Amino acid sequence: MADAAIELLKETVWKANLDLVKAGLVVLTWGNASGVDRERGIVAIKPSGVSYDTLSPAEIVLVSLETGEPLPGERFRPSSDTPTHVYLYRNFPEVGGIAHTHSREATSWAQACREIPCYGTTHADTFYGPVPLVRALTPAEIDADYEGNTGVAIVEHFRAADLSPVHVPGVLLAHHAPFAWGKSPAKAVEHAIILEEVAGLARRTEALNAGVPTAPQAIQDKHYLRKHGTNAYYGQPVQ
Amino acid sequence: MADAAIELLKETVWKANLDLVKAGLVVLTWGNASGVDRERGIVAIKPSGVSYDTLSPAEIVLVSLETGEPLPGERFRPSSDTPTHVYLYRNFPEVGGIAHTHSREATSWAQACREIPCYGTTHADTFYGPVPLVRALTPAEIDADYEGNTGVAIVEHFRAADLSPVHVPGVLLAHHAPFAWGKSPAKAVEHAIILEEVAGLARRTEALNAGVPTAPQAIQDKHYLRKHGTNAYYGQPVQ
Amino acid sequence: MADAAIELLKETVWKANLDLVKAGLVVLTWGNASGVDRERGIVAIKPSGVSYDTLSPAEIVLVSLETGEPLPGERFRPSSDTPTHVYLYRNFPEVGGIAHTHSREATSWAQACREIPCYGTTHADTFYGPVPLVRALTPAEIDADYEGNTGVAIVEHFRAADLSPVHVPGVLLAHHAPFAWGKSPAKAVEHAIILEEVAGLARRTEALNAGVPTAPQAIQDKHYLRKHGTNAYYGQPVQ
Amino acid sequence: MADAAIELLKETVWKANLDLVKAGLVVLTWGNASGVDRERGIVAIKPSGVSYDTLSPAEIVLVSLETGEPLPGERFRPSSDTPTHVYLYRNFPEVGGIAHTHSREATSWAQACREIPCYGTTHADTFYGPVPLVRALTPAEIDADYEGNTGVAIVEHFRAADLSPVHVPGVLLAHHAPFAWGKSPAKAVEHAIILEEVAGLARRTEALNAGVPTAPQAIQDKHYLRKHGTNAYYGQPVQ
């Protein structure tokens, strides 16, 4: 596929994968980032089980947004989590990039089968409300299509709880690990970093004060909206 | 402003911001350091939401100590926390630099809504008494002027508790994060580092001995005064 | 021994030892990795108490798989844990490499005298079931042959519990530290890294939820088998 | 003092101070290492409050082993903890080097006012029995000679408990921090590293199993004696 937009997407996804490693979120090969080109209907994702040390943009695998299958001519298997990514792209139209890791603090909450309460402004700056916990799949769901049904469970959770993937850019899977996303692969990585940071803060917060209340709603609103509301004033004005 | 003193201030503040990152206190863009030139009535502070990777001294924003507004000709928005910095400079005349971070251990205490008890000499060497916790703002205060009222709450707390910003060079904001300060931007960064260290020590101390008493007053006095009293003998004599 | 296969083995074992250090699993000289050439009946292992900074492939010690004694002409003493390695090689024929460390999280579980429950997919991807805890030796066993009997206790535990060293590639020794192994020295190091990671996740998981259940069996089966079963689909197909 | 032995001592002490920093045991200027030349009656120690970044061997301060006072011509103040070092050298004749830090895990135990129980072989390899906790000084002792009386309290504790500074190469001071020592400055640094490591392992061990017993005496004896006993077989034979 000698298409400049697709080459750029592969480069962007390659960089996002390396940025997960640089941020310390990945041990061995446990992580993957992807991006989507909705116009062309193509998802670009890390190959499965390949070392980050030697990963090149050319090795990023292209799969169909519609079928989840590698495009003709792809030499590598895509990440085993590809069906989860593809399902999320199909159901969260605002999402342009997805990152999955087994980062230490977030994975500990996932294994503890708990959502992360909003204990402070660091959390509220990016996640509006708790970081949700998605239920474990049933044996039948696992058997039928483990990775695809993981996507289904995430989307069902967001719909049932009336959550927006824009305001809640990540999730914990019970007994497993986090997924994060954003409007681009770079934003997905940034949200994965923030989720990890917030998870660690919340663990230590509870260790210091077992009965601590969550941050007052007025503070949660203020911090989320000063960065993301229509009157946002954090950062530089968009040029 | 082609003024050598102001250029030096910008350079000093730029370096202080980078030193926060080097010390591991900052994730992404979550931190800011500032300095003041009281003679000229100017505060220099990090621009809002700008990456530390590319930050240059020229991008440090100058604001009026009196109004908190950027000086004419400034191209960048100052940190969203600027009103807090400016209010502290106006009310703590001994303070020459301020640093705000979301550093991991100190932020965990802030989220836990607890002051940090003085459990040992590491703490007593720099903070005379506990690191105070300032109450959360009310919804009305948040709505009126969140960042400015954060400064007001800090100053009110110090006055009500008869604390000196010289002997207590930092504070925790409930549900939020720490601020630290000193006679210069470099000292503010040093105190932010010490606050983080002291916060981690105190968390682990309580984990090891839930009912541990604070350090005896005689030890707190000795350590603080051997560094800061009129007969201080720690370090080299001032030339 | 000017034998190309043996030179390669020494180089491989040397690299595995350095990789333990790079992975942060080793403090000072507390760790050792070995490999076996079953055809020649030779085990290659780190010399005892030698600094990693200056370790060279030539210093890796060759010992007899049959007797555990250094081959004639070896100048250095092998690791004091050599009898454990040799006993494991003799009784676990699938094992080609062994790594022993005092890595922080795994050693804490060993000292706590607890096996590591399988709380999530990170664990299930590599260890099928809990990471076992092997009992402390009796004073008589310690007195007779401490390091040899450590190997005996590991093998007895695996036989009594009907565990396979292929599906459970590591173990904790009560009051001591972990051993990990694999089909090669590189795989042994990889499993030592994973064991450390899994141990830290499990500790934090329990801190967040004291009564958390282990991962459902269906998830454990799915994750282990998608990587290791006959229909494995993780990673790239073997060429 | 143009004496080759003294120049070498200063170089050795300088390196030991830098090695404390490299090992991650020191924040800012919180640490100091020293060495003694008993023949000449001279102790070499870090200057007080000087940054490690610019420290040179020439700045290491020489003080009298007899009086604790700087030798004539010394330009810098020695570490404020010099009287503690000197008192230990005078009373522990086997000791050739001393290191003091506020390292994170060991200081947490000191602040928790607890000795560190021997929970495993990592501890037993170097410390025979628990790492002792020395009582806080009384206000009168602090007032009279804080740093000198800190040395007195350590020595009294070792004598009262019949402990040998050779077999117990370090100590915790209540509400304060650790001291470690050895036959040379390099060994003192090594023991400071081990004390920190052992402290962290013990904290996590208790978090995983609140009622865990200490390591059986037979294991403690075996590990200590295989490294330090008359029939020691760990490491390479002394040439």
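By letter and in written order, the chains are A, B, C and D; residue numbering begins at 1 in each of them.
One rule holds for everything that comes next: a contact is a pair of C-beta atoms (placed from the backbone, for glycine too) under 8 Å apart; a residue touches a chain by one contact, two chains touch by 3 or more.
It should be emphasised that the depicted structure is a prediction, and the values quoted were computed from it without experimental measurement.
Summarising the inter-chain layout, the chain whose CA centre lies farthest from the centre of subunit C is B.
In this structure subunit A contacts its sequence twin subunit C using mostly different residue numbers, the overlap staying below half. Note on chain placement: the centre of subunit A and the centre of subunit D lie 47 Å apart, centres being C-alpha means.
Averaged Cα coordinates give subunit A a centre that lies 33 Å from the centre of subunit B.
Each of residues 206-207 in subunit A touches at least two other chains.
The touch graph of these protein chains is a ring, one cycle where each chain has exactly two neighbours. Under the touch rule stated earlier, the contacting chain pairs are A-B, A-C, B-D, C-D.
Contacts from subunit C toward subunit A in the complex involve residues 119-122, 190, 193-194, 197, 200-202, 204-209, 212-213, 215-216, 218-219, 222, 226, 233-237. For subunit D in complex with subunit B, the residues that touch the partner chain are 27-28, 30, 47-50, 76-77, 80, 102, 104-105, 107-114, 136-139, 142-143, 146, 175-177, 203, 206-207.
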